[in-house]
Amino acid sequence: MVLALIIDGPLTPELEARTLLGHADQLRSLSGDGTIGATLRFEGIVRRAERDPEAADAERDLLALDYQTYDPMAQRELEALAASVAARHGLKSIVALHSRGRVRVGEVSFVLQVAAPHRAESLAAVADFIDRLKQDVPIWKWSVWAV
Amino acid sequence: MVLALIIDGPLTPELEARTLLGHADQLRSLSGDGTIGATLRFEGIVRRAERDPEAADAERDLLALDYQTYDPMAQRELEALAASVAARHGLKSIVALHSRGRVRVGEVSFVLQVAAPHRAESLAAVADFIDRLKQDVPIWKWSVWAV
Amino acid sequence: MLIFGAASFGAKSDRVHVKVSDTPTVREVLAAMHAQHPALKFALPPPETGRLAVNHAFARGDNAIRQGDEVALVTLVVGG
Amino acid sequence: MLIFGAASFGAKSDRVHVKVSDTPTVREVLAAMHAQHPALKFALPPPETGRLAVNHAFARGDNAIRQGDEVALVTLVVGG
């Protein structure tokens, strides 16, 4: 299964469950075939302390990040990246979700979950995906300062 | 929070929830302080195909793996490893669970979940933990063949 | 051309105008950006190897840009 | 001495006997294992740098082993 989606607002367990329910057939076909040896799940969370480039990169307190996406290119590139990483690392499945719009401190803005035959592929795939996300997928973040 | 436990049988969501409930205070103190930027969760799953060293390393079908632990050293070393990896990578929390005894194909025998300020530390910590687990924690696996 | 992120902050706008020939290549547009918008240099890739988004897909070098194409500067992306 | 995993499979037992002096070091026990149990060589670390579990903690080199200590060969571990 290759699933990549840009979703408005923070990524909550409810939202993720609802999204995955829409792909129940693909999920079913994955379970129990005995070929998956490792799963790895990464969550990116908005931290309170962020450097402010307008204040000599001093750390300031954030309220939230606003994620700006260039649509529909961001969605297309996220999908293309997921498919490419899955093929390159021989993944059995990959799910990538990224927020659009406001995500407050402590909330999740990015979820990446992969299933692979062995642990090495799962670790390499997650590191590779995140590196390329930052190069290829047109998503920008804007700081919303606490004061 | 540093939590490392050897648990009898496969690691199920129910078992993990029950284990974590016993550490509710530590869990509470983690959430919402705004210092966690990344969480990473690894699950090791028993695969069907395994090499048989008695058959020239040919692949055979497994029914299960039997994990043998040297107790209480295995529990102690798992804890020591978790504490050491947490300190080395500046983790905010680490939970490591490993099975003892029989785990069938498709079931989970190992869970590692870390929370870190940034993604780089979370990835390095998981890779480091698994490498050192295989050197330092006295757990062995025995193949239970399907035929 | 559409610009985003730190580039748009530098330009205080989400788009800039750039004068080019009638049927420029990606390389020519990037070179024109360097010449006409020096304040955006920090976000501009080199014309020879850099890329632009043309109609929501990455394009480089000799790729031609036509009247009506949507052209965007996709650099300094910070996902995750 | 207790042995596990592939070593115990090779020895067809979960323990082996090894003759040593009354108060041997870890190094001496490992050297004696190499000499007295050549079939386990694949699982034995070198005496100079290798370690044994003595009373459930890793010990190396000059560490002394006393009467009644539980000594185990912890190598070729395959967790995860």
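Note that the chains are named A, B, C and D in the order they appear, and that numbering of residues resets to 1 at the start of each chain.
Methods note: a contact is a pair of C-beta atoms (placed from the backbone, for glycine too) under 8 Å apart; a residue touches a chain by one contact, two chains touch by 3 or more.
The model shown is predicted, which means the values in this text are computed figures rather than measured ones.
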item: Taking each chain's C-alpha mean as its centre, the one farthest from chain A; value: D
item: Chain centre separation in whole Å, for chain C relative to chain B (CA means); value: 47
item: Whole-Å gap between the CA centroids of chain C and chain D; value: 66
item: Chain centre separation in whole Å, for chain D relative to chain B (CA means); value: 26
item: Junction residues of chain D, two or more chains touched; value: 80
item: Residue numbers of chain A (touch at least two other chains); value: 44, 119, 130
item: In contact (per the touch rule at the top): chain pairs; value: A-B, A-C, B-D
item: Chain A residues touching chain C - in the complex, by the definition given at the top; value: 44, 53, 68, 70, 72-73, 76, 98, 109-110, 130, 133-141
item: Residues of chain D touching chain B in the complex; value: 2, 4-6, 53, 56-58, 72, 74, 76-80
item: In the complex with chain B, residue positions of chain A that touch it; value: 31-49, 105-106, 117, 119, 122-123, 126-127, 130
